[in-house]
Each structure stands twice: as structure tokens, then as C-alpha cells.
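All chains are identified by letter, namely A, B, C and D, in their written order; residue positions are counted from 1 within each chain.
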Amino acid sequence: MIPFVAFSIGRAWQGFWRNALMSLAATLTMVLMLTLLAGFFILQNVLLASLSFVEQKVEVVAYVQTTATDDQVQALVDRIKAMPETASVEYVTREQALEKFREAQQAQGREDLTKYLESNPLYGSVNVHLTHPQDLDAVTTALRDDPIVRNVLNIQALVDRVVTVTSIVRTAGLAMVAVVGVIVLFIIVNTIRLAVVARAEEIEIMRLVGASDAFIRWPFVFEGALVGLLGAVITLALLTAGAEPLSQAAVGFFNVLPLQLGSVGRDTAVLVFATGLGLGVLGSWVSVRTYLIR
Amino acid sequence: MTLTAAPSPPEAAASLLDRLTGRARAPRAERAVVVLHDVTKRYPNGKEALKDVDLVVPEGDFVFLVGPSGAGKSTLMKLLIRDELATKGVVVIDGADLARIPRRRVPKVRRKIGIVFQDFKLLPRKSVWENVAFALEVTGTPRRRIRPAVDSVLAVVGLTGQAQQLPTQLSGGEQQRTAIARALVHDPRIIIADEPTGNLDPVISWEIIQLLLRINELGVTILMATHDAEVVTALRKRVVALEDGRIIRDEMSAAYHRED
Amino acid sequence: MIPFVAFSIGRAWQGFWRNALMSLAATLTMVLMLTLLAGFFILQNVLLASLSFVEQKVEVVAYVQTTATDDQVQALVDRIKAMPETASVEYVTREQALEKFREAQQAQGREDLTKYLESNPLYGSVNVHLTHPQDLDAVTTALRDDPIVRNVLNIQALVDRVVTVTSIVRTAGLAMVAVVGVIVLFIIVNTIRLAVVARAEEIEIMRLVGASDAFIRWPFVFEGALVGLLGAVITLALLTAGAEPLSQAAVGFFNVLPLQLGSVGRDTAVLVFATGLGLGVLGSWVSVRTYLIR
Amino acid sequence: MTLTAAPSPPEAAASLLDRLTGRARAPRAERAVVVLHDVTKRYPNGKEALKDVDLVVPEGDFVFLVGPSGAGKSTLMKLLIRDELATKGVVVIDGADLARIPRRRVPKVRRKIGIVFQDFKLLPRKSVWENVAFALEVTGTPRRRIRPAVDSVLAVVGLTGQAQQLPTQLSGGEQQRTAIARALVHDPRIIIADEPTGNLDPVISWEIIQLLLRINELGVTILMATHDAEVVTALRKRVVALEDGRIIRDEMSAAYHRED
């Protein structure tokens, strides 16, 4: 077993370099395709993060009766906080509301109407951020059912809009990643097939001098794996080299939309390696098969 | 002739090259190793290259296959290694019916045969040494036994100096001798040589023929297609003559041309 | 000349079909790559349209002195309208402003403070939509310089944000199209090179029997052109077939953001044809060259 | 032998096949068409395949090139069509110094030569007919003249029945005859044949040799490398013997082996 594996790997290595032009062309294709795939994967992650950021901006505002006690309000806040649909809850008192209103009016250069008033005409409010804007209904109902709630601001139209846009963008993003993934798959397998087809004669000769299928197949499979691995390593090197300047350039974007990308780097590396190696092996396996079944 | 310095192995396992140098004696048998019965081969384009061919070759025989260009000699040889399947009839190699055995046993049968192809069929990206070593590697022979075996067979055909060249860097005769070396190196029970001296000068031709004769004397069955009338006539071996796909003559101790 | 062209085309056609496996693999690669390119091109157009839509939402609001006459206001509106930076100008009278304010307060469930007032405390305003948000400064200055303008709402921070996001998205989009374009280019040329490399022996033989460079090159170039054309036609067929269901699916998106995509269809067709044909020809030309210069 | 029924053209434009059938007479000349002066060929791996070779072949000569396998015969022929360039010395074909002429003139020189390669070098994806027609197509010969010329040359070498087969569907001898047909069809001034009968049976071999002799009588210069001692000795033509890259013998009306 070990001599066989050593033999196959040795022969794969030879095959790769004796066919240098072809192998490097296949590796280049591999690199480009993996770069494309990785680019899309990262982009998709940025997109998803951006969309959840946008979605978290959706805020349900419930105005509280002036008669409500602090305890009642606190109970309401706790109850809403406990709901799984809720991302965060904030209580704005009447005084805070007036203060905000004044600031807003001033900022807009409008005359402050409140100075004509003796009492504060505004209501305190409970502001709820949703995890998913689709859950609007559940939260609205929960708020409205509470006796201390005067009314809940109707933002259904706005939410519908956001939900439509984000779900379309999300679907489009997924579709794009899927399409690019399929294209990458086909191109890599195709390239390896082209390289194997060019050596059909070689396979034919091996068969005729009595090489068993394993002896013909495995060197090619390892050669495919070599192309895949080399492609993956080069791709990751390129991505690592490009990551710093790119994220520098994107810093404005990430400042505007403070996104959490977490483990994208690691995930991308895994994706690139698995795809490169997997498709290299699969491509050779399938391509050689055509010549063995005879 | 460079040869391995390994201690002489027991007779059953004696390699062709050991036996060639007299370290082991030839086994004797009268079993048929090649049997063609009522074989017809029609190519997809309709051409009938062989018609109702019957041929039995006992173990240890030396058979010349002669006949004009296009008579079907190479086709017959292709049937023997199952490169092509007979359209009709049975082809049996050493007891194995080639049309019946499972696909995975085919390589095993092929390894019993050493074949020199008319167009050499060398791996274009491997050196002479690697081309010859390949026939051993595919049988899982350990590396330390491959090296001496290949070196000595290359010495036998006179290619020691060209061992590291690629086939494209060889003269026609050198390519042909590489193909011959590959057919001999794995110690086959049957050697099928399709026009093995077509590109060789008379001196090397005779050397190769002498080599095949010695191998034959050690009990290896030899089937050789050739147009070299001089050699065939001089050796007085069995001659099978094909013409237009039919066997028109099958004589022991015969000449290239019919002698009546 | 004509016999030579006929000869080359005939031989190209033969070469394509005698090598069917290889040719179809190359064509498949061509189709996938052109689809990718076309997809990106369309996406880029949608993106650009979306961004200009967002940008056109940027509105500069200038409050007008209560003392301003209708003629003065009209003069200001006309002057601003004449500026190239301006997309559209709207005049909101004091009465309309109050009306809007009341509606907004009501919609938010707040008490209408204006009923406590005897006179209208709001100002009329001139609202200007910008073609490009970068031009904010010019328009703001032009408004501020007018004596009847009381003050201009300061939206610099908002505009900066929009400009940052849109320019990053725009650059990223362009970069992506460029990267995909380069990848498409390389892959196609590479694929054709692989197909030609596999026939190096054939080229060699032609040279040796005395074929001049033109007789070797042009059949290959025409074969490349055939692969390119066939690829382009299949790609366009796929896109046409996919266009209807896709735009159906995207209808929600286009409703939310009413985009003008104009001549994208025609442009895409031109792009796909030019790229397919161009790269097919270029790829063969370059690949055959390697074997001729000897 | 099937031949074109076209009316006999003026002598200068008479095709090889027309002249072969006696419709035109052979021109006579004593100009040297092949000149090698002090030629050495060293391959990139250091192998010196030719050493200080001097050879002058006058127009209309018939030269046998003999020598053991690896002597340098094929290398010499490769130099003549500029497949390889001489490391040292001058190679002149019909007045053109191959190392000096611009690259775009090389095909023109090659078309003056009809070459039979030792390994045939047939285009693998074209039929026999197309392989032969190719040598005419590349010179821009009109289609209506290609068809009869190819048909008749295939008839001459006996391949009319195989015209539509691919090279992989041919026997070794048929491949060789296709290569010969391709070398003849475009009416070359010089024919270079590298082991053209290695895969042919004695009968067809002699027919091909007879054909070359007749072509030679029409004024075409012929250079033929061969291992066929019988043919060389029987014909008593000029024999140039190579060994280890050097010309060791150059005699008129000679035999395959030295006769002292």
C-alpha cells in the first residue's frame, strides 16, 4: 500500500512537471476560479452583515399613557425584552422625549414651539429594536395588548419595504454565489478534463502494457490534487496579500455600517482548500474514468 | 551485459534474465498458451481484418506471422492482448477466455505477455529508463528490484547510453529497442513482437533475433510478425501466413515464401 | 484569397468536430464565462441605477424669510433650477409646511401642538434635489447667498455618509466587474491554449510538410472564432430564456426602487458577442504563435 | 494504376505523375541540389549526432544512406528540411542556405522536398485522403486539381480502398504508404525517404523502390535511408555510409556492405 501511494505521488509529481505548460495553465485556472469563489463568499458575508445591520435599524415605538407608573413601565420593558423577537428595548421618558424634540427642531432651524407650552405635551415611549423585521406583528400585538400603552406607531409600510428589499437582495446574493459556485465547479473540472484528454494516448499505452486501473488512475488523481492544492495555496496567498489594502480601502464602509464579519477569514480558507482539493481530485477521477471503462 | 549480482533464486521464480544467462533451466510443457478458434474481426467501418482464423500455439513455440501489408497480422496481435475484441469466435490466453474474464483481470493477463508494438507506443514524456521500468512498476515490483532489472535489459538491447533520453530524442532503431526492452523486462510467458526489426540495421536485427531465440529456448512462447524474408527463411521455425484476413499456410520449419 | 479563406474555414469546421470533446469543453467554458460576465454587467447596471436612485433622494432644504414676495421666491427657484447640479426644485409654502407638520405629528400619534398657536410659526422652504450629492456645497452656497433665504438645513453629515457608501459600493462594483472581466479573459484564453497545446503535434507536422504560417494559423483562428461565436450564441440564448422569469422575480425590487435600465439588453448582447469572438480569435492567435516562432 | 485523364500539359509544368506515365520527358542537369559542408549537429543534451559531414548531391542522383541504428541518418534528413539547425557548417538546398534564409521562405524550401518520415508523422485526425491532399492544399493548389492528383497517387501506392480511414485505422504498412503518397503528391524536386519500406512486405517494398527509381529517372533527386541490404546491394546506386555521425564511405554503384 505505502509503496503504491509513494509510486503514485512520485508519478503525479513527474506528470505535473513534464506537462508543465498544461499543469500551470490548469493551476492558473484553478487560482482564478478559487479567487472568484472566495471573493464571492466574502462579498456574500459582507452583504448578509449589511442586511442584518439595516434590519436592526427597524424600531417599533409604543407611546405610554401618562398615568403609567414606573413599575408598570418596567414590567412592560421586561416582558418585551423576554420575547425572542426582540433585539433590544429602550425606555424614553416624557422629559427625554421633549428634550429630543427640542433638539430636533433646533437642528432643523425651526422655531421651538414648546416654549409656548406650560406643560410637557409629549408621551414617554418604549422603543423596541427587532431581530428580524418580519416579526413586527408579534411585537406590535404584544405592545398594544398592554393597558399602559396608549398607541403603537404604525410602521408596517416601512417594514414591508425593508423586508422586500432585503429578501430580494439576500436571494439575489445567494443565487449569485450558487451560480458562481457552479461555474467554478464546471470550469475547474473542465480544465482538468482538457488536461487529461490531452494525455489520452498515455493512458491508452498504460492500459496496453498491463497497468491495472488503480495504477493508471491514482497518479492522475494525485496530480489533480496537486493542481488543487497548489491553486488553493496560491489563492490564499493572494487573498492574504490583498486583504490588508482592501480592508484599508473599505474602512470607510465599515465605519458607516459597523459590521461584524467574525470568522470569515477562517471560513474562506476552509472553503478555498476544500474546493481546490475536492475539485482537483473529482475532476481527475471523472476524467480518467472515461478512458478506463473500456 | 550487466546483470544483477543477487543470489540465484529458486527455479520457479527465476527471472527471464537469470535464465537467459544460464542460472536457471527452462521448464518444458506442451500446453497451448494461445488459442484462437473460428475468430473473425470486423472493424466498425465494416472492414473484415480477420476471417475464420484458427490458431493453436503450444507453450514454448516460436511462430513467425507473415503476410502482405494489411493482411491482419497486427489485428491478430491486438486480439491477444484484448486491445480489440473478436467479433466472432474465442480467444484464449493461458486458459483465460478474453471475452469472458472480468475487466479487472485483464491487466493480469496482459502482464503475462510482453508486447512490442509496431508503432512502439512509448510514453512520450518518460525517459527510456522510465518507459521500461513502467512495465515492472505497474505490477507492484519493489524499487530495489526494478533498478537492476531495467539496467540489465537496457544493456541487452544496447541502450545503456540512451537511458535518460526521451523517446523524441531517440533514433527510430533506438525507439524500437526501447519497446523490445519493455516487452522483455517483466519476464513474460508469451512475447508478441509486431515487426520488431523494421527499423533496425541487419547487425542489430540479428542480435535481437538471437536474443528472442535464446529466450524461446528457455520456454517462453514467441509470436513474431515480420516482413524480413531472410530471417524467417534462415531460422526454419513455424510459419503462419495470413492473406486478406485468412490463414493460407501454417507449416513447421518453413520459409518466408511457400516452397512447393 | 477567397479559396484560402474557404479552405481555412472548412478546416476549422473539421478541426472543431474531429476534436469534438475538446471543442465542446472549450465552448462550455466560453458559455459559463460569458454568462458570468453578462451577469456581472447587468448587475453592475442595476447597482449603478440603484445608487443614482438613492442619491437623488438627497434633498437640500432652504427656509425662506416670511417677508419674501412670490416674485422673489420664483426668481430664486428659477435661478437654482438653472444650475447644472440641480435635478429638481420644489417650493413649499408656509401653509403647506404647517399642513405637513400636522400630518406628521398626527401620524406619529403626538399631540398637535400647533392648535395652541395663533399664527403659523413655520417657514416656507425651497427643496432642491441634487443630481450628485457631491454638489451639495455649490447648491448650499447658492441658496445661502440669496437675501430671502433665512437658513439652509445642514445635511453635510448625512450627505457625507451617502457619498461614502455609494462611492465605495460603486468602486467595489467596478472592481468586481474588472476582476471578473480579467478572470473571464484569462480562463477563455487559457482554455483555448489548452486545446491548442493538445494539438501541438498536428501543428508540428503541418510545419514540416511545408505549410506556411498563414495556412497553419488561420484554421486555428477560425476555430477559436467558432468556439467564441457558438459560446456567445448559447450564452445569449440562455440569457434570453432566463430574462423573463428573473425579471418577474425581481419585480418587487424594481417596484421599491423604480430603476431605469434602458439599453442594458442591447449592451449586454454586444458585450457577449464582442468578448466571445474577440477572445476566441485572440486566444487561438496567441496560442498558435508559440508553435510558429521556431 | 488509375491516372488523370487531363490533356498533357506543356513540359515545364508536367506533373510528376504525368511524367511517370511517360507523357513528359525528364530534364537533365548537373547542378548540386543538396550540399552539406563541414556540418556538425550537437543536440541540446550534448549528443553529437553528426560530425564534420561533407556531402554533395547533384540533381537527379539516387543516394542510399546506410549505417547502424543511431548513426545519424535521420538527423541528416532533419537538417535538410530545417527541422533542426546545424550546430556548425552550411546546409544548402537548391541554392538556399537554410541558416540564412528568412523564416517565411522556409515553407517554400520544404515544398520542394517530399519527405517520408521514419515515424510517418500523419495528422491523426485527418483521413488518408486528407493527409495526402494537405501537401497540395498548403501550396494553394485549387481544389479541382487536388482531387485527381490525390486519387492517382493513392492508386499508385495501393491505398484507394483505405482513402477514408484515419491513420489509427490503418495497418503499419498502410500508414507508411500514406506517408509515401504524401511525399510524392506535390511533385517535389527532391525526395527524402527515411526507412520507407521498414513496415512493408517484400513485394510492396519492391514496388515502392521501383516507383522511386522511375521517379528518379525523371530527374528527381532521391535520398533514401534504409537498412534493407538486399535492395541496396541489388540496385548498385550511390551509397553513403554513416557511422557514429561520420561519413565512413561514399561510393558510386556500391553495395550495402563494404566490398574490398
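Note that in this section a residue touches a chain if its C-beta (ideal position, glycine included) is under 8 Å from a C-beta of that chain, and two chains touch if they have at least 3 such contacts.
Fair warning: this is a prediction, and the values are worked out from it, not measured in the lab.
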Query raised in the report: Which chains are in contact with both chain A and chain C?
Result: none
Query - Inter-centroid spacing, chain D versus chain A (mean Cα positions, whole Å) - result: 68
Query raised in the report: Which integer distance in Å separates the CA centroid of chain B from that of chain D?
Result: 32
Query raised in the report: How many angstrom between the C-alpha centroids of chain D and chain C?
Result: 62
Requested in this report: Chain touch graph shape: choose line, ring, star, complete or other and state it.
Outcome: ring
Report task. For this structure, give each pair of chains that are touching. Result -> A-B, A-C, B-D, C-D
Report summary line: Within their complex, chain B touches chain D through residues 43, 45, 47, 66-71, 73-75, 118-119, 162, 165, 169, 171-177, 194-195, 198-205, 227, 229-230, 256
Report summary line: Within their complex, chain C touches chain A through residues 21-22, 25-26, 28-29, 32-33, 35-36, 39, 43, 63, 107-111, 113-114, 116-117, 121-123, 150-151, 153-154, 161, 164-165, 168-169, 171-172, 176, 179-180, 183, 186-187, 190-191, 193-195, 197-198, 249-250, 252-253, 255-257
Report summary line: Within their complex, chain D touches chain C through residues 81, 83, 104, 107-111, 113, 115, 117, 121-126, 134-135, 137-140, 142-143, 182, 186
Query raised in the report: Taking the complex as given, what residues does chain A use to touch chain B?
Result: 3-4, 7, 14-15, 18-19, 201-202, 204-213, 215
